[in-house]
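So, here come the structures, one by one.
What follows is a pair of complexes built around chain A, which joins chain B in one and chain C in the other.
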Partner chain A sequence: MLAYTLKRLLAGVVTVWFIATATFIAMHSVPGDPLMNDKAVTAEIRANLEKKYGLDKSGPEQYLIFMSNMLRGDFGISFTQQNRKVNDIIRDHFPVSATLGLLAVFFAAIGGIVWGALTAIYRNRLPDIIIMFLVILGISVPSFVFAALGQLSLVKINQLLGSSVIPVAGWGTFGHMLVPSLVLGLGTMALLTRLMRSSMLEVVNEDYIKTAKAKGLSPIRIFFKHQLRNAILPVLTVLGPQIAAITTGGFVVELVFAIPGLGRYFVQAVQQLDYTVIMGTTVFYGAFLVFMVILVDIIYGFVDPRVRLQ
Partner chain B sequence: MRRLFFPFLTVLCLIAPVSGGFAQISASSADFDTQTITLALTQEPPQLNSMKATDQVSALILGHVMEGLLSYDRRGKIIPGVAEKWEINSTGATFWLRKDARWSDGKPVTADDFLFAWQTALKPETASEYSFILYSIENAEDINKGKKPTDSLAVTVVDDHTLTVKFETPIGYFDKLVAFTTFFPARRDFFEARGDSYGADAKDLLFNGPFRMTDWVHSASLKMVKNEHYWDRDNIHLNAINADYITEDSRARLNLYIDGKIVHTRLDGETYKDALTQRQRIRSFTTGSVFYLEYNFRKGRVTTNRNLRKAIQHVFDPEEFVNKVLATPGNLPGRSLFPVWLGGVEDKFRSEYKAAEPKIDLALARDYLEKAKVELGVEKIPPLVLLVGNSPTSAKQAEYLQGVFKEKLDIDVKIDIQTFKQRLAKMTSGDFDMVAAGWGPDFDDIMTFGDLFASWNLNNRGRYNNPDYDRLVRIGMTSADPKTRMDAMGELQRILTEDAVIIPQYEQGVIYLMHPKVKGVVRRVVGADPDFRRARIVK
Partner chain C sequence: MTDSTLLKTQLQAVSNLDFSPSDTVQSAEQISRPSLSYWQDAWIRLKKNTRAIVSLYIVIGLALFTLVGPILWQVDPALQDLNQLSQAPSLPKQAIFVEEHTRWEGIVLENFPAEPEAFLDVLPAPTNLRTAEAATTQAVRIVWDPVVGAGGYAVYRNQHLPESINDLGLPLGTKLAGNEVSYEDRLNIEGRDYYYSIVSTDGYDESDSYITLKVTPDLAITKTEALSRGLITEESIVANGETIDLEFHPFGTDYLGRDMLARLMEGARVSLFIGIVAPFLYVMFGIFYGGFAGYFGGNLDAILMRFADFVVALPFLLFMILFKIAFGIGPGESGVLPMLIALVLLGWPATARLVRGQVLQIRTQGYIEAARLLGAKDHYLIIRHIIPNTMGVILVTLTFAVPAAIFTEAFLSFIGMGVAPPTPSWGSMCNEGVKTMLSHPHELFFPALFISTTVLAFNLLGDGLTEALDSRMRSRE
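Up next is the complex of A and B:
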C-alpha cells in the first residue's frame, strides 16, 4: 500500500514536471509577449522591462531559473498586476474557486446519484424518459448559457418579488454561491446521472443481488447495501477528476456572477500572455488534478474490498 | 454514501470561512441618505502605482483618489489642482502649491512629492511604460535611458510650496501633461517604506485626491470614501463609492443594473437591444478615441502605392460603416485622425480646420485602381491581408470591408483574426497589409494624436515616413504659438487625406445607463471616466 502510494506520487511529480515544461515551451512559442502593450515603448524602456522580469536572458536560462524557483515554491510576480506575487494570487483566489467547485460537485454528486438511481428503478418508464431528456440537455448545453439563464431568472424573480432576495452576482454569503454552484455543477450532474444509471442496471442482474433476494432481504436493504454501494464505484472514479475539472473550469461562471475565483486568472493570463501567472496557475491546477486522481485510486482501496493495491 | 460525502462537507466547512472575508454588499446602488453609490468595474485595476499605471480602470480609480498639480473641470478645461497658480513659458514652468493640500494621513502635499514621483517614474529600474510622457523636462530622457543620474532632472524644489521645471525643448501643452496620471505625486518616506508592495493593496497607498481607498479585495471589490483631508472637501458630496462587483461580462453588468445593484453600466451591441426592451434610458457619449485602417508602408508591400490607397479611400463610406456595421448610437463617421472634441486656436480644431471628405465615387476609385495596377505591374491586385482583433465586432467589421473591397474594386481581402497580444506582435513586425487600429488620447492636446505617424513614433506600426509630416509634427510639439501649431496640424490633416495615409472609420461612441438620481457625473475623453468626483445623489 505504502509502496504503491509512493510510486503513484513519484509518477505524479513527473507528470507535473512534464506539464510545466510543455506549458513553458508552448507559451514562449506564441507570437507576442507579456511586455507588449497597446502603446509601443522605446527600446530603452523595453530593455528596462526585460531586465526587471528576466526576459533578457536566453530561453534555456529562463527555464532553469523558473524551475529552480518553482521547486522553492515561488512563481514570481504577475506581469499584468505588477505588484502581486503569483503565489498570493493563487492563495487569495483558489479558495473561492474551490468553495464554488466543491459545492457544485456536492450538488452534482447528490443529484447524479439520486437521478441515476431513479432512472434505473423506473427504467424505460416516464420518469426515466424525462430525466434522461434533461440529462442530454445538461450535457450538451454549454455552461455560459446556463449561467446567463440562471442570472436572468434571478433578475426576474427579484423583479417579481419587488426586492432583491437572491443576489444576482457577487460573492460573500451562501446566497451568492447557490445559483453559480448549481449552474457549474449541472454538466457534471448530467454526466453522473448517466453513469449511475448504467452502473445500476449492470449491478441489478448480478448474482449477489439474486442471492440477497433469495435470502429474503428487504428491497430497501438490497437497494442501499448491495445495489447502490456497488453501483457507486464508477461514479467515484470520475468524481476525483471532475472535482478538479469543475474547480478549475469555472471561468465563465466566475465571469458572469462576478466571482473573484482563480478561473478568471487562469484564462485571462493566457489572453494577456502573463507568463508567470500562466505557469503558476497551470502547474498548480495540473498538480491538483494529478493529486485528485491519485487520491481517488487510494480511496478506491477503502471503498472496494476487492481492490487491494500493490 | 456517508463515507463519500463526509469529506466534502468537512472541506466545505474548512474553506468557507477562508473565503468568507468578502465584503457585504450595500442595499441600494444610489443611497440618498448616506450619499453612497455602488459600481461594477470591468476588471481589477492592474496597477495603482500612478507612476506605472497605463490602463483605463487604473486611471479611473487613481483619478478619484489622487490629484495632480492641475486638473480638468467638467467641460474639460484645465483648472487648479494641488497647484493654485502656475506660469508656463517657452523655457520652463513654475507651480505654486496650495498650502492646504494634504495627504490622507494629514501631512501636507509638498513640491518634493512631485519631484520624487517624477524621478521615480524615470528611473530605469522602475520600468514605467509611460515614462516618455515626462521627456519634455530637461534631462528626463537621458535619465530614463540610464545616461544621467536621477537627481539631474531639471525640476527644482524652491520651497515646500514652489516647484520650477526647465524644459528640454519648448512645449506648448505642458499644463495638459501635468494633469496626467504619471505626473501624480508620491511621498518619499511612504513609498520607500512600502518598497515593492507600493500600490499592491489599499494600505500600501497614500492618497491626496477627493477620495481615499479603504478596502480592496482583489478581483472582488474596492471601496473609496471621501478624503476628509482633501482641500476642496466641502464641494465633494459623495461619502462613498463602492465598486462591489468586478466583471468583464456586459450582460452580467446589465443584470446588476436592472436589479438595482449598480448605478452605471456600459452597453455593447448585444446588451443595447436588451436595455431597449427593458425601456431603460440609454445615454451616449463619444470617448474621444478614433478608429482607422492603417496601411503597411514597408518596402515590397502593395499598400505603399498611393493610387491603390486612393482607390480604397473613394469606396469606403464611413457614414455607411457607422450606420450599418457598428449600428449602435453614439459613433461618429471617421473623417480625420483628429476627433471633433480637440481644441484649436479659439474654437474646436475641426471647425477651424475642416477635414476633407473624400467623395464616394466608384468611377474615380476604379481610375485610381487602374493606375495602381500599371504602376505595380500587375493584372490584378494580389489579396490584401487585413489584420484585426478577436472581438465579435472586429470580425463583423472585417467582413464588411471584405465585401466592399471585393464588390467595388474586385480586390480579395484575407482576414487575419488575432488575439490582443498576437495582433500587436504582427503589427510590430509588419505582418499585414492593412490593420484595423485605433488611438485613445492621453492628454487634452492635439499632439496626443498629431505625432502618431511621425517617422520616429513607435506606434507608427505601418512605418509611414514623410519628411513633410515630420516637420509639421516638430512645429506642433515645440511651438508655443497656438496659431502656428494649429496651422501645422491643419496642414498635417490635409496630408493625411491627400496621401491616404489612413482610412478613418469612426470616432468611438459608447452607450451606457446611469442611475437617474445620480447627478453631476462627468464623462471624459482624458482622465478618469466616468468621473464621479463631483457627483451627488438627489432625492
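Up next is the complex of A and C:
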C-alpha cells in the first residue's frame, strides 16, 4: 500500500512540474506582454518596468527564476491589480471554488450511486425509464443552460413564495451554495448514474452473487455487502477525472451565479493577459487536480484490494 | 375426460400418413441463412435499435440543415432588421407605410394658464387621456385635458399596467407648463402594449394620482426604409396607410435584429465543423499513436504512454484558453482554426490509450497466433484482423467524441473564449441569449435546443453502435 502511494505521489510531482513548464512556455509564446495595457509608454519607463518584473531577461533565465520562486511558494504579484499578490488572490478565492466543487462532487457521487442502484433494482420498470430519461437530458444539455435555467427557476420560486427565500446569486450562507453546486454536479451525476447502472447489472450476473444467494443470504445483505461495493468501483475510477470536469465547469457557474471564486478570476486574468495570475492559477489548479486524482486512486486502493497487490 | 379416453383420442388422431418417409432432403451441414459479415451483422443489430435509428435520422437531418439549409433559406445571418429587434417567433408581421417623421408641434391651450394661479392641496390627475392619431412605432402622440392648478405634467411609460403610483415605469419627460397638454413619444417604440401614465405637477411636487392609457402601436415603415431593405422596388407605388409584409423570421430575431434561423444555420456550420473535424483528426492521430505503441509494445510503448499521460494531466480548459491566445486572433478572424488545433492537440491521448489497449488485447488472441502459424504475414494480420477489430472501439469513440467536442466548443464560446463575434456558433448564441433570458427566452431556447439535440443524437447513436459492434460492451439486460 505504501509503495503504491509513494509511486503515485512521485508521478504526481513530476506531472506538476511538467504542467508548470508547459504553462510557462505557452505564456511566453503569447503575442503581447503584460505591460501592453499600461498607460505609461515612454521607452524609459517601459525599460524600467521590464527590469522590475524581470521581463528583460532571456527566456531560460526567466524560467529558472520562475521555478525557484514557485518552489518557495511565491507566485508573484498580479500585473493588473498591483497591490495584490497572486498567493493572496488564490488564498482568498480558492476556498470558495473548492467548497463549490467538492459539494458538487458530493451531490454527483451520492446522486449517481443512489439513482444508478435504483435503476438496476427496478430494471425496465417505471422508475428505471424515468431516471434514464432524466439522465439522457442531463448528459445532453450543456451545463451553462442548466445554470441559467437554475437561476431562472430560483427567481420564479422566490416570486411564488413572496420573498427572497433562496438567494439567487452571491455567496455566503449554505443557501447560496445549494443550487449552484447542484447545477454544477448535474452533468457528472447523470454520467455516474449511467455508469453505476451498467456496473450493477454486470455485477448481478457474477458468480459470487449466485453463490451468496445459494448460501441463503438475505437480498438486502447481498445488495449492500456485495453488489453495491463491487459496482462502485468503476464509479470511483471515473470520479478522479470528473473532478477535473467539475472544476472547469465551475467557471460558468461562478459567472452565472456571481460567486467570487477562482474560476472567474482566472477567466478575467486570461482576458487581460495577467501573466502572474495565469501562471499561478494554472499551476495551482493543475497541482490540485493531480493530487485529487491521486487521492481518489488511494481511496480506490483501499476499496479494491486487487489494485494494492500489483 | 379421463386420462385413458384422452390418450385414445390422441392416438386416433395419429394416422399412417404421419409415419411415411419425408421427401425433403436437408443437409445437416448446410447453412440455412445467408452468411453475414461482421459489418452486416452490426448493421442489422443497429437497425433493430429504435433509439439509434432515430438518432441516425436526426444526425442526417442536422447534416441537411447545415448543408442544404442555407440554400433554401437565403437570409444573410449578419443582416440587422432594426424594425424587429428581439422578435419572438411568429408569422410575418405587417407594417404600415408612413411619411417621414416631422416634429409635432403639440397642443398648447391658449385660454389656460401656464402657471397655476393657486396651489391646491390635492392635485387631481388629468382626464381624457387619448391618442391624437393612430399610434405607430415611429411616434406615439398623446393628448389629455388640462388640470386646474397644474403647473406641468409628467409622462411615464410602462410595459405592464401600473399597480400604484410607484409603478408608473419609465419617466419619458415633463411638460413644464399647465397648458401644454400633449406629448410625442419616440423612444424605442416596439409593436407591443404600452401603458402611458400622466401625473400632474404644480411645478414642485408631483401629484399622487395618475391616469393610464393602453396603447399598442402599429409597426410603421417609411418608403425610403422599405426601399433600402429591398421590400419594395423603385417603381412600386405605395400610399400611406397601406400595409406591407415585413421580413419573415420563423424563429424570431436576436437582440441585434439578426434572423435566428439564418444564424442557427451558420452556427451549425461552425459548431458541427469543429465538432466533427476536430474529433476526426484527433481520433486519427490517436489510432496511429496507440496502434503503434500497442503493436510494438515494450519500451517504446512505455515511453509513448508516459507522454500521453502527461498530456492528459494538463488542465484541459486552461490550456485550451492559452492555446487560443497563443495563436492570436486578428480583428476580422473568426477563431475557428485555433480552437480546432487546440482541441486536437489536447484530445488525442484518450483515443490513443483506448486503441493501444485494444491492440494489446487482440495481439494475445488465439486467432492471431493461429493465423501466424498458418503463414500470415504482419501486414495481413494488421489489415485483416487487428484493424477491423479495433474499428468497433474507434467508431464508438468517434461518435462519443463529437458531442464532447461540441460541448467544449459551446462552453468556450459561452465564456467568450471561443469563436469571435460576429461569427455565430451555438455556444455564443446561448451566451447572448442568457442575457435576455427572462424577457426574450426564444434567444436562448433555440441554440440550446439545437446543442442538446445534436449531443443527444450522437450519444444515442454511440450507444447503439456500441451495442451493435462490440459483443463485450453490449449491455446485458
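Operating definition for what follows: the second predicted complex is superposed on the first by the 298 of 310 C-alpha atoms of A that agree within 3 Å, B and C clash if a C-alpha of one lies under 4 Å from a C-alpha of the other, contacts with A are read in each partner's own complex, and residues count from 1 in each chain.
Here is the rule we go by: a residue touches a chain if its C-beta (ideal position, glycine included) is under 8 Å from a C-beta of that chain, and two chains touch if they have at least 3 such contacts.
Just so it is clear, the model here is predicted, and its values are computed rather than measured.
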Partner chain in contact with A:Phe291 - chain B first, chain C second, else both or neither
neither
Counting only touches as set out at the top, which of chain B and chain C does A:Phe266 meet: first, second, both, neither?
second
Identify the partner contact of A:Trp17: answer first if only chain B is touched, second if only chain C is, both if each is, neither if none is.
neither
Would you sort A:Tyr63 into first (chain B), second (chain C), both or neither based on which partner it touches?
neither
For A:Ser198, is the partner it touches chain B (first), chain C (second), both, or none of the two (neither)?
second
State whether A:Leu228 touches chain B only (first), chain C only (second), both chains, or neither.
first
Chain B versus chain C as contact partner of A:Thr99, first or second or both or neither
first
Regarding the shared-chain residue A:Ala244, is it in contact with chain B (first), chain C (second), both, or neither?
second
Examine A:Asn124 and indicate which partner it touches, taking first as chain B and second as chain C; both and neither are also allowed.
second
Which partner reaches more residues of chain A, chain B or chain C?
B
Touching chain B in one complex and chain C in the other: list those residues of chain A.
30-31, 148, 152, 155, 255-256, 271, 273
Mind listing the chain A positions that touch chain C in their complex?
15, 18-19, 22-23, 26-27, 29-31, 123-124, 136-137, 139-145, 148, 152, 155, 198, 201-202, 205, 244, 247-249, 251-252, 255-256, 266-267, 270-271, 273, 278, 281-282, 285-286, 289-290
Quick one: which bits of chain B touch chain A in the complex? Just the residue numbers, please.
1, 3-5, 8-9, 11-12, 15-16, 18-20, 22-25, 40, 44, 46-49, 52, 54, 124-129, 131-132, 144-146, 196-200, 204, 217-220, 244-249, 251-252, 255-256, 258-261, 419-422, 424-426, 428, 458-459, 461
List the residues on chain C that touch chain A in their complex, please.
309-310, 313-319, 321-323, 325-326, 328, 403, 407, 410-411, 414-417, 427, 430-431, 434, 437-438, 444, 448, 451-453, 455-456, 459-460, 475-477
Chain A - residues contacting chain B, complex
30-34, 36-42, 44-45, 48-49, 51-52, 80-84, 89, 92-93, 95-96, 98-99, 102-103, 105-106, 109-110, 113, 148, 151-152, 154-155, 158-159, 164, 167-173, 228, 232, 236, 255-258, 260-261, 264-265, 271-273, 302-303
